[in-house]
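Okay, got some structures for you below.
Both complexes below contain subunit A, partnered by subunit B and then by subunit C.
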Partner chain A sequence: MKEADMSKNVGIVIVSHSSLVAQGAADMVRQMVGDEVPLAWCGGNPDGDLGTNVPAICNAIEAAWSERGVAILVDLGGAETNSEMAIEMLTDKRRAKAVVCNGPIVEGAVMAATESSGGATLEQVRRAAEELYRL
Partner chain B sequence: MNTTSPSMAQDAVLQRGEARLVHEGGLHARPSIKVTKLSKRFQSRVWIGLSPNGPWTDAKSIARVMAMKTPINTTIHFAAEGEDAERAVRALVALVEGDFVDTPDDAS
Partner chain C sequence: MENKTTKELIECIAQTVISAASELTDLDQAIGDGDHGINMERGFRAVLAKIDSLGELAPGRAFADLGKTLIMTIGGASGPLYGKLFMSIGEALGDDPQITHERLLAGCDRAVAVLKALGKSDVGQKTMLDVLVPVIETLRVSKGGDVYGPLRAAARSAAEATIPMLATRGRASFLGERSKGHMDPGARSSELIIGAACRYLEAAPAAVLS
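The block that comes next holds the complex of A and B.
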């Protein structure tokens, strides 16, 4: 899929305390959904231990950025608060196009990416990521 | 209940099709994603069901399609409404009959 085509789709960012979890979830997205969705992941603290850190999340958001927006899937506590902090650090224009989804990190990432691959809006992608909690 | 289900009033304009699910493991994650992604290529509203009379599930909702947990050797029914409904149903039937080997690139 060409870069130009990918930018039409909402990006997906996966933020876990564990780099293995984040990478594994990203693998599932790539293998199950495909490569037409911008995707980035981060996990672990700067020492390589379990944790999350804001600069890594900022880099992931940048890597998966799309003008359609970016949906962030997180696991526990700090993954969410640090992702919110990373969103705060974005420019005003970009801040409105980044959301943290209230859904399961693995399943939510796959479902959000499936929705995004069809050209859905950021709000539709967020809803897909959160739909499991509403069924 | 899915409020987007095709109503009896719309029945005349519905395109319908069915296919036998022979995929090992049934309609699990990967084939569900293929059904959803293919459905999304069409403008029409597309539903999937396990009987010709419903209940119908929005085929463009990955969470709902997966939640059906459709087992192997089930006959899957499709219904679609819209300008490209006929092509949508044909493509979905081909996907299931072809055992999800490849999503057709050309939906036309």
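The block that comes next holds the complex of A and C.
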């Protein structure tokens, strides 16, 4: 898939306290959904231990950036708060196109990516990621 | 306020937090994920690494820069929470070399609003807000005379008051009733920071708060 085609779809960012969890969730998305969706992940604190890392989240958002927007899947508290911080650091124009989804990190990432691969909007992708928590 | 005072004040806060890292981690192991002390230490070590450049700034600018450093280095939810606390106060103090009671209060009020939104929490949920809010209320009514003694006492009793509380926000909320009987680690680190600032300012050669 060419870059130009990828950027038509909403990007997915996976932020976990564990790099293994983040990478594993990203592997599942790649295998189940394919390469049509811009995808990036990060996990671990600045020392490489369990935790989250604002600069790493900023880089992941940049890597998965799409003009359609970016949906971020997180695990526990610090991942959510630090992802919100990373969004706040984006330019004004980009800030409105990045959202943290209130959904389970693995299932939410797969569902969000599936929705994105069909060309859905950021809001539709977010709803897909959050679907399991609405049941 | 002299630049030297700003620098020493920040050093005092950072050293206090770093010295208490294992205590904070122990508290967090009881009801959280056990990394609060490690995270706070990493953040404040990063602050100390740039202390000379912070010391060249007006107090407001230095606090804002300190806050941003914490956000980028703590690596947990306390990064944005403490980061925004210092940034909000720093922005309210602005470029003024003096810290006025009025601007400090405005910054504190702004910080509480930001922290409530960021943490989706409020007073009474066993968080740092349970220390910050009563301390700010004490600051609001204390002007002139001994400001620092009452602030320190308010911070201490507010941190102790989190022990019997039931946590309904953060990782501790997963424990439900079992969260009772432990001091909240964020309440304790807030108390430490406030205590260190008061201790330094009390002994400072010139009155800082005007």
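Assume the second predicted complex is superposed on the first by the 135 of 135 C-alpha atoms of A that agree within 3 Å, B and C clash if a C-alpha of one lies under 4 Å from a C-alpha of the other, contacts with A are read in each partner's own complex, and residues count from 1 in each chain.
Please note the rule applied: contacts are C-beta pairs under 8 Å (C-beta built on N, C-alpha and C of every residue); 3 or more make two chains touch, one makes a residue touch a chain.
Nothing here was measured: the structure is a model prediction, and the numbers come from that model.
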Based on the shared subunit A superposition, would you classify subunit B and subunit C as clashing or fitting together?
fit
Looking at A:Asn45, would you say it contacts subunit B, subunit C, both, or neither? Reply first, second, both or neither.
second
For the superposed three-chain arrangement, provide the angle subunit B-subunit A-subunit C between C-alpha centres, rounded in steps of 10 degrees.
140
Check the residue A:Glu84 against both partner chains and state whether it touches subunit B (first), subunit C (second), both, or neither.
second
Please work out whether A:Ala128 is in contact with subunit B alone, subunit C alone, both, or neither, and reply first, second, both or neither.
first
Tell me which partner A:Val110 touches in the superposition: subunit B (first), subunit C (second), both or neither.
first
To be precise, I mean the smallest distance between any C-alpha of subunit B and any C-alpha of subunit C in the superposed model; what is it in Å?
26
Touching subunit B in the complex: which residues of subunit A?
32-34, 110-111, 114-115, 117-120, 128, 131-132, 135
Subunit C contacts subunit A in the complex at 33, 35, 38-39, 42, 71-73, 75-81, 83, 118-119, 170-171
In the complex formed with subunit A, which residues of subunit B make contact?
29-30, 33, 36-37, 40-41, 60-64, 67
Complex contact set, residues of subunit A against subunit C
45-47, 49-55, 76-78, 80-82, 84-85
